[in-house]
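Following are the structures in question.
You will see subunit A twice below: alongside subunit B first, and alongside subunit C after that.
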Partner chain A sequence: MPHTKRRRLVTTAVAVSLGATTLAACGSEDGGKAESGPVSLTYWTWAPGMDKVVDLWNKGPGRKDRITVTVKKQASGDTLVTKILTAHKAKKAPDLVQAEYQALPTLVSNDALADISREVGDVKGRFADGVWQQTTLGTDAVYAVPQDIGPMMFYYRADLFKKYGLKVPATWEQFAETARALKKKAPDKDLTTFSANDSGLFAGLAQQAGAKWWTTSGDKWKVAIDDAATRKVARFWGGLVKEGVVDNQPMYTPAWNKALDTGKQIAWVSAVWAPGTLTTAAPDTKGKWAMAPLPQWSLDQDVTGSWGGSSTAVTTDSAHQAAAAKFAAWLNTDGDALNALAKESGIYPASTSAQLSGAFSNPPAYFSNQADFYTKAAEIAKTTAPSAWGPNVNVAYTSFKDAFGAAAKDRSDFGAALRKMQDDTVADMTKQGFEVSR
Partner chain B sequence: MSSLALRKAAPAAGTTPGTAQGPPLRRRIALVPTVTLLLGAVYTLLPVAWVVIASTKSGHELFSTFTFLPGTGFTGNLKDLDAYRGGIYWEWMGNSALYAGLGAVLSTAVSAFSGYALATYRFRGRETMFNVLLAGVLMPPVILAIPQYLLLAKADLTDSYLSVLLPQILSPYGVYLSRIYAAAAVPADVVEAGRMDGAGEWRIFTRIALPMMIPGMVTVFLFQFVAVWNNFLLPYIMLSDDERFPLTLGLYTLLEQGANTPALYTLVITGAFLAVLPLIALFLVVQRFWSLDLLSGAVKS
Partner chain C sequence: MSSSASRRPYGVKGAPYGFLLPAALLFALFFALPIGYAVWLSFRKVHVSGLGLGSGARREVWAGFENYTGAFRDSELLHGALRVLGYGCVVVPVMLGLALLFALMLDTDRVRLAPFTRLAIFLPYAVPGVVAALLWGFLYLPDVSPFYFVLGKLGLPQPDLLDGGPLYLALSNIAVWGGTGFNMIVIYTSLRAVPAEVYEAARLDGATPLQIALRIKIPMVAPSLVLTFFFSIIATLQVFNEPTTLKPLTNSVNTTWSPLMKVYQDAFGRGDIYAAAAEATLIALVTLALSFGFLRAANRRNRQEEAR
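== the complex of A and B ==
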């Protein structure tokens, strides 16, 4: 058992580099077969309104190619990965799945995703390198087509920043000073909170600082969650929490909504999708917020992390992988499709050309005061640092929630929490049968 | 601690006034259980009250007004819920009713048959079979969901109504309860008398034993109905088409829509509120069968 997993990762890489020619040879037959008769595909996705976007395909290019896609709406999150893997065990996974970037290594190491490099290789240029790299896992294979991304940004109450004479922080050092200055002027208010209930936020911040949590060399994994960059991030936030200049309560709770809505918290480190969340969390403060780039670790840098985002992948269980890959490429690069995705599903497209297209010429309604919202967002998206996901992100994330949740609550040492996260992740990988170098 | 208090409460509540204990003793005993029960009631009813009140709040009021202050958005919430994706909520409600209703009826029937058989007939392997069932009672159904999925996948039944109904028809707890109940409520003499009078086994079961077992079977039905109505993991693993989803799953998809779409709190809360109503109605309707306590059937015969 331990050996199979290790071999699988190696085999995937080897098969891709060695078998490129053979694959191409038998692949062309595949393509011929796919076009010979009507094909119907199923697609698991959580994006709201995806059925309407897929209708465009079924009535347009899909009708021409006789490829019909049926949407089966799912709930997002780690549980969906489990569900896909369970279905895959019975060889019954749907043809297409929506998958978050950090879930791709898990799915690939379980052999659930097909290599579609031959079918979608030519759309590479439509995406930023850092985004595309997440779907190749550093190999020559391509396991998914990027759909949406979540470049991180700094959101703040423009009116309250003015009222308290605060400047928008350009560096994290200034961010800390801003937090202190606010505490001095209004002791009952907090700049923001350090929340441990969404690990994606911390992962994105670490990514911005240059962390690469999972890497491979040869046939071994290297886990570097407790590396210098992440330690810097953990120490920074741990310090602010301990000092009491930022709150330590979790996000997405009624109390947090209230804190944002009443101006008790006046800033939020978030990502491009924040307007949607703020619309329901803080309806009373519409038009009072503004967006700025994430603070940097040093002034000569211009880099951001990503929080969220997902891709469209084709499963190995699909009998029509070529047809499915064709749809995945259309969905995430075609102008009409992306426009519909933006309108119906509210996604921020990974495709760079779509980031400034029709749907994004106006700012989101909640940010009507910031006319250049999406121009700025597209610029920030370009600076996204590469990310490095591994096969058990879910375990690392759970460990983060437990360890950092407790540390934030007690205002105690974040360094110890980070070490625990590292140890838990390595222990789980070893248990799963991956070789991990120390 | 609380179970001790509850046990003491039962005789105190059952005693008719003026008998047995003197007044001072009774008051001392009654105070602790009453307070305990009241605390228990508050503990269980508070969340219900929260759901009821929160469902009256509009999205705007939900997080900004005082928690237990009723809002003004109930009809608006209902309209939104009804309009959401062409009223798919009602489809989920219908699915839940089908899974729970039909599932509980079938499960009760199976439990009644097997419980009666285990209680009345002596055959080789009876105790072994019963012990295996007991082990089944101790096994949480959650850990069976994935093996059941793999099994049904072999039969090509996944993502169908049957895939959710079939695994829930056999309820070890229901069979266990039916056996215990049948053993207590259906005296062997009665069965023997039936046989003497020339009735077949089927006739004895349907005409004599089953009526005696009714209160117990109502209990099994209710347990099973509530269990299926609230079940999450089994349908989650089995179903991928959201038009076959039960309420639990449907509401979950409203909460988990991905990062860029906020959770539809008001819809979920209103949906959860409406989802409780059928259960309450069911309990109220079935209560009269149920209030005959577990032993009254035996005493009557």
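== the complex of A and C ==
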């Protein structure tokens, strides 16, 4: 999943990605000249292999409609949001962009994304309501077409769980017990780590607990990062870290890779794209891992959060918004396109029918021992809790990294860190002039 | 004849401006204008109306000194500056001390393999800062570092270099490793420029090599030391690569560890280029004040010494 690949890239090869960005910038002038046709569109995306998927369009439906799409590979996530906003200031944003769900309000609030409800309104039924709602921001407008999603799951070393006589936790209470039991049996091992370097994980966990960080009423925003649900999650992980039964070091570091590969950490709370990350992080333990639903806060619940996932949006700067919307709808609902996306880009599709299509009949190679991996994943995806993003998710995420990073390091109060996150977010919104209700 | 005499001065008068024009134009276009624009931006801010969704919800408005008061009130900027001060207190003396020591050692008569040694010490300077930080980052991480492996085998304590006080040493080490060679070359070059008669006279007077080094060589290369010190201060204030690269590896480096990281974070993380412009202006002013303050102090001392 590109979402995590990005972090890896940052950790290991900043220089390479910088070089790639520069190259991409150099090539930005020749967009659209490659093929003839009345409409040529530029598409900024970070999904690997997207050029091959777009080729299908250019040779098939695109040729018929005389709409040619050119892919410009970009750095992912927040970096791309910044780049889009900068380009938009110069009225030079590309026609199509890939955007993570939590970035949509930021982009919309900067007037960078076009309302494409007229063109893509009829594909609504292809997606789960919770997913679709993220692209409308609760309005009548539609700002993007969902592409991939990241329902969260629990990954664990099946062999080591057996060795230490551990049971797969069904509730967070049991999760804590499991962590303690492991510490008792093997003091040098950890069940997992609380990592503060990817805010999406914490946001997903809070979402599962029922948090709605940003909501609106009338003309006012309400920020509820420090709400009861999130406090519960923060207290839970803070307690485990303080007790010393889970590690407190960040993910995606060489040390983390090694811990997973050598069985020093034997579980990972992650999302559906984890097989891709594990393949590179822990190649030696292939086939030893298993996937289970995320632990619940109470046994009668069945709900998960989401971590990652992105959509395809059309910018206000595009001169051919209708054509661009047509491509966006095709890319994320057409069977062939979704198959190619699964194969070339390794994404887990947002389209519900595609989740059980041919590309997902076999488990990922890393999980060859778990034949029903994708059937189970589709079941779990259905239970995804709705999310609520606001116009300054980036600020909240940065505040999370700094405040929780420090708290995890000192094994101190996570509640204080959460309050800091809330205060920073509200302060930034107020400073920008948003009306924030208390 | 009289006409040519009266016309000539005009041509000569205009010529300097003509020669100056390209440089002045480049200076104005690529230096003064961007700085002016940044200063202009630092007095602006964005105002959002309503929910901020949809078109026309954001307007750029005049902010006055709001961004500057905000930067002063933001304790993170001050903390960043203090962190960098601590970092600089390690880097500058150690790096310049080592550079001077190596330069003096290379300049002695009995040194062997001088060209090779010079190159070996200089080589890290050719390694890009980001690569150097990644390289050292891997060596600092206990689980992948060969040093920790060896320490563990020997039963010695394994300090966590990416936390607390040792973090400053870890970061400084990267800068020292990368910068010593360059500073050594600058000092060494000026050592070579010292006339041989001076040493000969010193030797005739019975000075030992150590005395020559302390009493003659170091005072003779004082201008180079001032220059390298000046460069080092500026480089320290601008530290960005090393902490940014180490950030994903540890909880101890946050997104606003150094003032420039805070500027970057505000401009590209928070998307508030106005606050970032104000902070950048402040950092530029502090850098100017510090470096020129130091240069003036150094010059004044020089003049006093000359007067004596």
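The working rule: the second predicted complex is superposed on the first by the 401 of 438 C-alpha atoms of A that agree within 3 Å, B and C clash if a C-alpha of one lies under 4 Å from a C-alpha of the other, contacts with A are read in each partner's own complex, and residues count from 1 in each chain.
Everything that follows uses one rule, which is that contacts are C-beta pairs under 8 Å (C-beta built on N, C-alpha and C of every residue); 3 or more make two chains touch, one makes a residue touch a chain.
Note that the coordinates shown come from a computational prediction; the quantities given were computed from them, not determined experimentally.
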Partner chain(s) touched by A:Pro254 [first = subunit B, second = subunit C, both, neither]: both
Which of subunit B and subunit C A:Trp221 touches, first, second, both or neither: second
Which of subunit B and subunit C A:Thr136 touches, first, second, both or neither: neither
Touched partner set for A:Asn394, first subunit B, second subunit C, both or neither: second
First (subunit B), second (subunit C), both or neither touched by A:Ser109: second
Subunit B versus subunit C as contact partner of A:Thr316, first or second or both or neither: second
First (subunit B), second (subunit C), both or neither touched by A:Lys92: first
Subunit B/subunit C common contact set on subunit A: 79, 254, 258
Residues of subunit A that touch subunit B when the two form their complex: 42, 44, 46-48, 72-77, 79, 83, 86-87, 89-92, 94, 148, 150, 200, 254, 257-258, 261-262, 271, 273, 276-277, 279-281, 283-284, 307-310, 345-348
Touching residues (chain side subunit B, partner subunit A) in the complex: 59-60, 62-64, 146, 149-150, 153-154, 158, 236-237, 240-242, 249, 252-253, 255-263, 265
Interfacial residue positions of subunit C with respect to subunit A in the complex: 46-58, 70, 128, 130-131, 134, 138, 141-144, 163, 244-245, 248-252, 254-256, 265, 268-272
Residues on subunit A engaged by subunit C in the complex (per definition of touch): 7, 10-15, 18, 78-79, 82, 85, 105-106, 108-111, 137, 139, 141, 196-197, 216, 219-221, 248-250, 252-255, 258-259, 264, 316, 391-392, 394-395, 398, 401-402, 405-406, 408-409, 428, 431-435
